[in-house]
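Each in structure tokens, the structures are laid out below.
Here come two complexes built around chain A, the first alongside chain B, the second alongside chain C.
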Partner chain A sequence: MSQTMQIGERETSLLGRLRLTIARRTEGRGIVLLVAVLAVVAFTEPLVFTSYQVSLGRIALIGLVALGLTAVILMGELDLSVASTLAVSGVVVALIPDIRLGILAALVVGILIGVVNAFFVAIVGINSFIATLGMLFALRGLAFVLSDEAPVKITDVDAGIAFGQPLIGPITPRVLIFILAFIAIQVFVSRVKAGREFFAVGGNRQAAYDAGIPVKRRIFTGFMISGFVAALAGVINTLERTAADPTAGSTVLLASFAAAIIGGNYLKGGRGSIVGTLIGATALGVLQVALTLSGVQVPVQQIFIGAILLLAVTTDPANLRAVLGSVRSLRLGRSKAQTPGSGS
Partner chain B sequence: MAKETLTEAITLAESDAAGLAPVKSRTSPLEWVAENGIFVFTALLILASVVFVDGFASLVNITDVFHRAAPIGIVAVGMTFVVISGNYLDLSVVAQVATSAVILIAVSNEYGLPLAMLAALLAAATFGIVNGVAVGYFKANAVIVTLATTYIGLGLLRYFSGGSIFFGPQDGIIREFGLGKLGPVPYSAIVLLIMTIVLGFVLSRTNFGFLVRSFGVNERATRLSGTNTAAVVIGAFLVTAVAAMVAGWVLAAFSNTAVSAMSQGYDFRALAAIIVGGTSVFGGKGSVLRTLVGVIFVSVLTNVLVLSGISFGYQQMALGALIVAAVTVDALSRKAAKR
Partner chain C sequence: MRKSRIGLATAGLLAVAGLALAGCATADEPAATDSGSTDSSDSATTGGETYEVYALLPQGNDQPYGTTYLPPMEAKAAELGINLTITNSEYDGDKQASECEVAVAAQPDGIILWPALADTIRPCLEAANAAGIPVWITNADVNPEDAPLTYGYSGTDSYGQGAASAEMMCELVDGAEVGIIQINGLTGNSVATLRGNGFKETIAANCPNVTILAEQPGNWNKDESQIAASEMLTAVGVENVQGMYAADDSMIAGGIDALKARDLDPADFFITSIGNTFLGNPLVISGELDGTVFQSSSWDGENAVVGIYRAMTGDTSLGRDDDGSVLYMPNPKVTIDNATDPAVAPEW
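And then the complex of A and B:
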């Protein structure tokens, strides 16, 4: 299940192959965080493991949005608008009386938002950080306009309540959808040609273009995936709560970014893994549930998740290499300045 | 602006090195709009508002526009440094403004004003250094870093303040400053003007300002010329943090209250003002004066929308669309200039 392309490296011995595999995996930090969280939680709040229905639901909530984000991050882009996409699609579901039509409309809205984002990034050439930030604010406004600035109750409340019930054991429809989405995206980026091309687009866009990969179309695909998945999360939220909240999504934004980045997806693109995102989402989900069960207030939980995100983004291996480089050049520069004659 | 030609020289030198040296004799209409459009649009908007919008030209309303524009404007002129340095923006100004406002009111109630200002300065410096070190030294993405510090900052603030509202004393320097006016112009707007002049001077006439702009144009060339680029980035974030702190003071003085949720939307309004003013999100191009014009545009537009009874949701949509439109014009004019 190798996800990055390594060309020209051949190791035949078992140990050598193992070393190569480890070197090209990116999930290291995610695993460290997950092990640390699980170890601390096992001692302080073992309740998390017995109430696995809550934990699974939380992991699915963070993970679903993070999965869509991963598709975009692999190409070196970012989709900040997912939080508002979630809110808008949630409101759309609640507004349309027929529930099937509502779900369909909400998912179409999600894909359309992805198309608009991709248009600005791929065709106009705006940096995706700024384009999707503008969309984040504009769509938040749209959610307020559609909902008349108040929560909207869904018409078919019974269907919503039925949707929140577990199907088999602790598996609620939300968890089931998350697992299906995980498998679908994992297969897409590791087995399907279009998905594998995401890594090429993120690794070196010019090279990908020269190799005949339709770069712009891949960017459209990526943003459509993240829009669709965010809309799916919005639909699930609305159905489970039987009401749509136009302010939804701002806390999910932070946690899902943290999950995707700590899971080993390089923000510059080209390297990363869906499995890593799952590991990151699991760690953060368990942490959030544990903190809630121990009675920690939401603001303090946000300090924890914010700190993890800050740590994740600063300990990106590509960044660390740059830091070491600048330290080395700084030292070299100092020693050069000390040699007589070279200064002034 | 003598130094602006210097940055242009760097850009020219860059394109020379790439083997394509287009010496442009005349600019396309799109470039002209990207360059000077905002001045025309702002003049037209004000003119149209005076003529068509009832109650806009009244003295009470003008003072109100000044009151609302001042804190956002102070944040925006400070954040211009981060944007010009090519680091997109500082989302954590939301947390910075609220922290500074709450500290000013809460600490001055207990220990007096000087200590409160010192504490706020300390908090601002912490924000600036954490953001600056993460972005400048660890080369992390500024949007993600400041998103994280926003939540860390707001979380700490809500934890320590308990989310409660702090009221200042009914008579005191803070209250006097908040209500004070020079003719129809409140003191807060004068602070905005002073900040614009001072930061404009720093950005266009000092060595540090030049380095911030040259970092925005070409990070590599700036580093190779022997500049400590991490220090430049930290400096840019510190300027933003200090401006956000002053904005927090002005905001707290205006209402004589402070609460952790008081600065919601400041990140986005300040960014709208900066981008609409013509400062490029690609870095290197722009000025503090342009941001001031952008602030006037965004504030008048918001005021007109409010006066016309347009709801909050539509206002958000309008400003979001404005950001995307302004960046689109900038991006397309850049493409046109390269051709």
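And then the complex of A and C:
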């Protein structure tokens, strides 16, 4: 459920309520972009729609980390450490011979990383961009140290290969976990009081403090969700690939942010939705699979993703209002200058 | 305002559609373009069957080696009637695994795989085998336990290249007690690991009088290698260093620059590398680089296609039991004595 902290007069008519609901949604641009991508892909690479397993797998690959990231973005914070968290947790799960214990340890590591991030942001007061940038480098180094600078094979390779196989139809464990993570985070931010307060924290932090919302605790919760989900992605990657890669996640960070932004999440917080992130991840995932099938090289793929990101950002209502405002004031300024006698 | 929004949304939709169509058009352009994508069906000269092949590479036109690897590969594909679809995972193992899933779903006649990380490609090989798609490995071989899942390998003996560079170092020092620094490739990368191990183990076996004082990754990058070399020189003390090894010529060029930046003459040091590239060959001729190991990117690209063609036409079968299922690139040592020989003329 998309929410914004808006106070306005109550619309009672059906049309009015509908308009209000649409106005409150932030996924509009994401939906338009997704429809456009699907339309073009259906025309050029229809195989994308028949290879469900591949397409769903790619969406889950991009989307899982993006879901956790959205919890932080809703509060107006950033978590740049997700890619390194993914790498560290992947190495942890591979280093521990007991696979269950390894998974548990990796997920605990993810949560702890979230706690450390939140400590720097909420308690020390460091800007989240800087704090998590530091963590990005520190955790990357930790992944190299733990892995002795080389990929680490999991003990039970056959179990890893079995983990990557579909459970029902095209649904692999990765896709199932992604769906469950989506439902859990969506329910949390839309139905649970603590989750709904993320929007208040991101929308106006001072107002959130004044309203008695435990802002610091919410920041801790958000970063812990982000760390946990990134660690989950690291565990899945390691199991599916049968080895942990200390350099993993190099392309995850930007793709996750792209999915969240395309889905209509406002980087300054207060506006956005988990559904939007799902839409963004779907658009990106389908586009990437189609481009790979077409043999389009990475630089060209990056042009596509960049173009879509730019479209998503420039069509943001706030940005549009700013642009239109600038144009209007420019026009006003010109007309004043052209009025006889207005100059000195 | 509302009209503006609708207008912008429509424009956006059209822009995305236009870009996507333009991109797909780019994908269909022949190899001569920079798109890197290849559809060589029009230029197929065999007149016989046309094959669809996915080439899952970790680099492309974004790296000097890839830039000179691709054209001979595409030319040979056109000659043999092979439609190549080329991907570039940028050395991201997860991305390459995902590209492999896409390739298997597309049901091509064959897959050429240059592993980004040898330890992570087992599921890809299993999936391809389950789908009955032959896989030919290029440039960097898979782990020995995964070799039976492939139809063959063509490329360098990466371990042997490191060993060859070490042999040159041993000859140069001629029994003297020396300390050297080592610049490695990208950490975790299989070629980097194999070359590093080949060098270190050969040094330990052939000339234990050579001590590796420090090693750092240069990430196949000249600038990063200059920084890494400079830091190592400071850490171990310049006076203790008499030699330097790097896993490729770009990196040794950075290391040599680090020496020059300290007013040290590279000719006074024992320096070896791998590649004999456009960057490394002149350094050998000038005497700054004592020896390097020739690597042909054109041989590599061409033989990847030859290999998969052999697999698709039944000349080689699953496993590595057939003749010609392993094609090692000749890697002659290059010193000042043969650096101008046309047989080892640099290609990249």
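Quick notes on this one:
Rule of thumb we're sticking to: the second predicted complex is superposed on the first by the 299 of 344 C-alpha atoms of A that agree within 3 Å, B and C clash if a C-alpha of one lies under 4 Å from a C-alpha of the other, contacts with A are read in each partner's own complex, and residues count from 1 in each chain.
We take it that a contact is a pair of C-beta atoms (placed from the backbone, for glycine too) under 8 Å apart; a residue touches a chain by one contact, two chains touch by 3 or more.
The structure displayed is predicted, hence computed values, not measured ones.
Of the two partner chains placed by superposition, chain B and chain C are both touched by A:Glu149. Contacts of A:Ala248 after superposition on the shared chain: chain C is touched, whereas chain B is not.
Using the contact criterion defined above for the overlaid structures, shared-chain residue A:Gly141 touches chain B, although it does not reach chain C.
Judged by the touch definition given at the top, the superposed model places A:Val157 against chain C, while chain B stays out of reach. In the superposition on chain A, A:Ile111 contacts neither chain B nor chain C. When the two structures are aligned on the shared chain, A:Leu38 is found in touch with neither chain B nor chain C.
Legend: residue contacts after superposition of the two complexes on their common chain; A:Val54 is shown touching chain C, with no touch to chain B.
In the superposition on chain A, contact of A:Gly125 is made with chain B only, not with chain C. In the superposition on chain A, contact of A:Leu293 is made with chain C only, not with chain B. Counting contacts as defined above, chain A residues 144, 149, 297, 299-300, 303, 307, 314-315, 320 meet chain B in one complex and chain C in the other.
Chain A contributes residues 29, 32-33, 35-37, 39-41, 44-45, 47, 51, 53-54, 57-58, 61, 144, 147, 149-153, 157, 160-161, 164, 237, 240-243, 245-252, 287, 289-300, 303-304, 307-308, 311, 314-315, 317, 320-321, 324 to its touches with chain C in the complex. Per the touch definition, chain A reaches chain B in the complex via residues 78, 80, 120, 124-127, 129-131, 133-146, 149, 253-254, 257-258, 261, 267, 297, 299-303, 305-307, 309-310, 313-316, 319-320, 322-323, 326, 330, 333. Interface residues of chain B, counted against chain A in their complex, comprise 88-89, 130, 134, 137-141, 143-145, 147-152, 154-159, 163, 226, 228, 230, 268, 271, 275, 281-282, 311-321, 323-324, 327-328, 331-332, 334-335.
Within the complex, the chain C residues that touch chain A are 1, 4-5, 8-9, 12-13, 15-17, 19-21, 23-24, 26-27, 35-39, 60-62, 84-88, 90-95, 97-99, 101-102, 105-106, 117-120, 122-123, 126, 186-188, 193, 217.
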